[in-house]
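Following this message is one structure expressed as C-alpha cells.
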Amino acid sequence: MKRTDLALEVRESIPEDNKEIQGVVLEKNTDEEKQMEITKVLIKDAQGAKVMGKPIGTYITIEAWALEKKLESYYDELVKTIKDYVEELAGGIMDKSVLIVGLGNREVTPDALGPKVIDELYTTRHLIKEFGQEFKEKHGLKTMSALAPGVMAQTGMESREIIKGIVEETRPDLIIVLDALAARSVNRLNCTIQLTDTGISPGSGVGNNRKALNKDSLGIPVIAIGVPTVVDADTIVEDRMESMLEGQGFSEQEIQSFLDELNAHAMKNMFVTPKNVDEAVSQISSILAEALNDCFVPKAV
Amino acid sequence: MKRTDLALEVRESIPEDNKEIQGVVLEKNTDEEKQMEITKVLIKDAQGAKVMGKPIGTYITIEAWALEKKLESYYDELVKTIKDYVEELAGGIMDKSVLIVGLGNREVTPDALGPKVIDELYTTRHLIKEFGQEFKEKHGLKTMSALAPGVMAQTGMESREIIKGIVEETRPDLIIVLDALAARSVNRLNCTIQLTDTGISPGSGVGNNRKALNKDSLGIPVIAIGVPTVVDADTIVEDRMESMLEGQGFSEQEIQSFLDELNAHAMKNMFVTPKNVDEAVSQISSILAEALNDCFVPKAV
Amino acid sequence: MKRTDLALEVRESIPEDNKEIQGVVLEKNTDEEKQMEITKVLIKDAQGAKVMGKPIGTYITIEAWALEKKLESYYDELVKTIKDYVEELAGGIMDKSVLIVGLGNREVTPDALGPKVIDELYTTRHLIKEFGQEFKEKHGLKTMSALAPGVMAQTGMESREIIKGIVEETRPDLIIVLDALAARSVNRLNCTIQLTDTGISPGSGVGNNRKALNKDSLGIPVIAIGVPTVVDADTIVEDRMESMLEGQGFSEQEIQSFLDELNAHAMKNMFVTPKNVDEAVSQISSILAEALNDCFVPKAV
Amino acid sequence: MKRTDLALEVRESIPEDNKEIQGVVLEKNTDEEKQMEITKVLIKDAQGAKVMGKPIGTYITIEAWALEKKLESYYDELVKTIKDYVEELAGGIMDKSVLIVGLGNREVTPDALGPKVIDELYTTRHLIKEFGQEFKEKHGLKTMSALAPGVMAQTGMESREIIKGIVEETRPDLIIVLDALAARSVNRLNCTIQLTDTGISPGSGVGNNRKALNKDSLGIPVIAIGVPTVVDADTIVEDRMESMLEGQGFSEQEIQSFLDELNAHAMKNMFVTPKNVDEAVSQISSILAEALNDCFVPKAV
C-alpha cells in the first residue's frame, strides 16, 4: 500500500479526470522568486474527509526545493514563511500560552526531528512565572513550554497520555506538535513542511482517538507541523513500477495484479533516505526551531 | 558553603565529639569480600532532620570503590546489590506499577545520568496494556513506564508539574527518580549510589515543596536514586584548605576567617570532574539501568 | 545498474544454467546449529576476476541471520567465528604487527561502521613501545594500532594517501580495513560480514589503483572486513521489478527495456535502510571490535 | 605544581618586582571597543626560553571575555581577529598549502575541541586535485587538508608519527595544529585563544622532541592554536590558597610549607570546568572553524 502522511500527496494520487473533488479545495501557489511552492488543501466536509482519508481542516505544504543550496538568505525566507503560516493557523491563541511537543525517537535519525527542534527552543514559561507579567511585557515574550516525551517503546506510555497529563497540570491554550513524516516522493524529503490545524490522527483519520492528538482528545487546539524524512521502501518500489507500467500501456487491471504480487513480498520496516539524512534532519530542525522561537520569543532576549 | 547531596557526607561533617546525634542512626557495613561499603543513615525524627538538614527517612549509600577496575563479576555484584536495596525500599509496592523518571539535562555530561538510565530501560506498561494480564504473568513482568522530562530551562516547566500530570493520567503506584548529585569527596564520584525513600527535596529539606518530588507533592511513594558526578569547585577548595589548616594547628575561629575570605571570591558554576567523566557516567548509568530492569523485567524477555 | 559490494551476491546474480564458472569456486556451508551460513567465493584466475568484476582472492561471507534475536550466546559464537576467519586470512602475519583502519564518515549513520569499530579497540602498540618486549610477552599481546581517518570530503586527502604515509612511518606488517558496504538484499543488512584478503578495490577491481587499498598500493597485505548497511534505492526497485517481471513470463528483452526506462529516472544518493539502522550499526560494530580485540589483546588485560 | 599551557599565565606568575625579564617582551593591548584583550609574549632568546619554560617564538593570546553574551556581531569580530593573527603568523606560506590537525579525544568533552573544529572545515585539496588550477583560481581557494587523528590511547601511535607520515605523503607547506589547553584562571576557560608559531612542545619545551609537533620534528612550519577548556583541580586549590595566605601576611616560606602539604594529597586526573562545558566547547570550536575557513575558503563556495 502506498503510504504518505502529506495531504498534498494524497490529493495528487487522485486521478486527473477527477480533478474536482467534492469537499476538497486545492490552492497552489508557486513563488518563483522565493523558490518555494505553497499548497493549501482544505478539507471542508465529511465527504472530502472520506475521499482524502484525513480529518476536516486546513493542510498547508511548503516545498522549499532550493534548500540544498544552503543559502543563508533562503533559510531566512523559509523561517519567515513558516512563522507566518504558524501564526495564520494559530490565530489569536498564540498570544496566550503554548506547549510545543516534539514527537519521535531521538536515537533514530529520521525520527529525531521532533526532539531536535525541542532542543533548540527558548522556553519562557518558567521565566514569566518567576519574573512576572512586567518582565513578559518588557521583553515582548509569549508563554512557551516544550517537551520531547519519547516514543511508546521508550516510555511505556502513549504520547496522548503524557501530553494530556501535562496539559491538565500546566494549562496551555494551544499545542503545537512536531513530527517526522513519510512521503511518497524522495524529492520532498527534508525540504517540505506540512502545517495543519487538525493535529495528528493516526490511521484513517476516522475514529481511533486513542492515539490521536487533537482538540477532541486533548481539549485545546492542536497544530501539527511535520516534515517527511523517509519514504517507505515498498511505496517507492510500487510507485516506480506503477508509473513505468502506465508508461508502457498496461491496463489498470494488469497493473493491479502486478502490485498485488509485489505486496506479497513486502519489506517490513525498510525506509528510503538520502545518504546525508543526519545532516538534512539537523538542518530542517534548526529552521523549524528558529521559526517557532521567532513566533514566541523576540530576538533581543 | 560546602555542598553535598549525600546524607553520608553530611553525617561525616559533624565533628567527632558529637558522634551520637539524637534522631540519627548510622550503620556502616564494609563488605571486604564484595569490595563495597554500605552505609545506612536513618533520620528518625524532627530533631535529626534539623541537624542533618534532610527529611526523615532512610538513606542508603553504596560505595563501589573497585568499579574502576572494570571487572565483569564486580559489575554483576553491584547490579545485584542495587536491585536488593531498591526492593528493600520499595517493599511490596513494586509488584504494582512503577514510573521511573530520569532527571537532568542530557546535553550536559555530568547531568546526563538520569536520561542515560532511561534510554536503557525496557518499559512494559504498553505491552501489558496491549497483551493483557496473562502475558504479564507468563513473562513475570511488572508494570514499568519511564520518562526523561528534561530540565526547567529546556521545558519551561517544573519537573514536579510534568510528573504530577503524568501520575494523574497514568496512575502508577510508585515513582523512582534518578538524578546526578554533587559530593564533597572526589573519590566518591561516579562510583557511589545513594538510595532514599524520601524522594528529592531541594534546599534544606524543610518547606519548599514547590520543587520537591516526594509523597507529599506527588501523592505516591517516591524513591530517589542518585550518583555524585561532580564536586563543586568552591567546596573542594574550602575542604582542602580546612583540612590543611586544621593540620597546622589553627584555631576554629582563625579557620573560619580564612573561609569567609575564600567565599568572598567564589567561582560560580565551576565543577570538578574526572577527565573521563563521559565514560564514567555512561558506565554507572548502564549499571543502574540493568539493576532496574532486573527489578521489573526478567532477563528472558 | 544493480550495485552490490558482496562477492556472494555477484556470484548469485549469474544465472542458474551457468552454475560452474571457470576460475570461480563456491563453497557454501550452512551451519544449522550455529544458525549461520558461511560462504567462500574463491576467485582463482584472471578469467574468474573478469566475470566477477573483482580481484583474484578469497571472499568469506558470514550471514548471521539470527542476530536480531539479541541472544548473548549467539553474539559470542559470532565473535568467535569472525576471529577464526580473520586468523585464517591473516595466517602467521598476525603475530607481527597490525594497523586497523576504520573507513567511513562517523557523521553518517550507515557509513559510521568503520569509525565505530575503531572507537572500541584496545590498541597496544604504544604500550609495547613504552613497557617493552617483556610486558608484551607477559600479557600475550600483539602489536595493534588503529585509525579512523575520515572520508575525503572531510580530509581533502585520499584514504590511501593517509594510510600509506602512516604505514611508512610506523611500519606495520598487516593492515585490516573496515568499511560499510552496499548489498542487494535487504535481509543481509547489518547481519552479514564479508572478509577478504584482496583489500578494497573501488570500481571494477581492475586498474584504478589510485583509490585501491591493497598489497599493490600499500606494500603490505591488506584484509578488508565489510558489513552491508544499505541497499541502493535504485537497486531495490530494479531487483523487485525484475523478479516480478520474470514471474509474469516477460522475455529477457522486454525486461531489459523496462529496466532501461527505470534507469532513466534514477534516484541519486537514495538508500534503503531499516528504521533501526543506528542501533543495528552499533551492534555489529561492537561485535567486530570484540572479535578484533580477541585476535590481538587477550581478555585479561 | 601549578599548571598552565598559556604563555600569558606563565608570564603573569613571575613576581612583580621582576617585571622586566631578559629575553621576554610583553605587549598588552586591551581593545575596549572590541571588548577583547590581545597580549603578545615574545620569547626572544635562550635566556627567555629558560625563564618561561617555553621555546623561542611568538605567543598571541586573544581574551574574548564578552563571548558569553552570545552576540552575533561579537562572534564576527572574534572570527575576524583570529583570522588576522593566523595570517600574521603564517606569513606568505598560507598561499601554498596547509594541513590542519585537530588533536584530542572526541569522546572527552573538554578534550574534543580539535576534532570538533576539523568537523566543520571545508577542505579543498581533493577538489583542487580533481578540478585543477583554474578551478582553484576562479574560486580564490587555497589548498587545505585536515585530520583529527585521535589520541595515543585510541591509535597506539604518537600524533607526531601519524602527522609526519601524512606530511611526507601529501607534502603540505604549513601545519596548523588545534588543541585544548589547561589554564590557571577559570575566567579564561573557553573564551581565550592562544596562537603561536612554535608548534606544540610538551613538557618544559626543552628537549623531548619525541612528542613535539614543530618545525624541528615535522620539517615544515607549525602554528599551534589552543583554547583552555579546563583548570587542573590541584592548580585551582593551590592558587586560591596561595592568594589567600598572601593576603593574610604569611611569609613565603610558610606558604611554601602549606603548598608542600597540599601537593602531598594531590588529586589525580581531576579537572575544573564550567557546567556548560559541552556547549562552550562547541561554541568556540565553531568560531575557530569559521576563522580557518575564512582564511582558506572564500564564503561564496
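Order of writing sets the labels: A, B, C and D. Residues in every chain begin at 1.
The rule is short, and it goes like this: a contact is a pair of C-beta atoms (placed from the backbone, for glycine too) under 8 Å apart; a residue touches a chain by one contact, two chains touch by 3 or more.
In this text the structure is predicted, and so the values were computed from the model without any measurement.
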Neighbouring chains common to chain C and chain D, by label: none
Farthest chain relative to chain C (centres taken as mean CA coordinates): B
Fitting chain A to chain B on CA atoms, where both chains share a sequence, rotation angle to nearest 5 degrees: 180
Computed distance of Cα centres, chain D from chain B, in Å: 38
Geometric centre distance via CA averages, chain D-chain A, whole Å: 45
Contacts with 2+ other chains: residues of chain C: 107
Chain contact graph, described as a line, ring, star, complete graph or other shape: ring
Interchain pairs in contact, sorted by label: A-B, A-C, B-D, C-D
Contact set on chain A toward chain B in their complex: 107, 118-119, 121, 123-127, 143-150, 152-158, 161-162, 164-170
Contact footprint of chain A on chain C as seen in their complex: 107-111, 186, 230, 233, 236-237, 240-241, 244, 247-248, 258, 261-262, 265, 267, 269-279
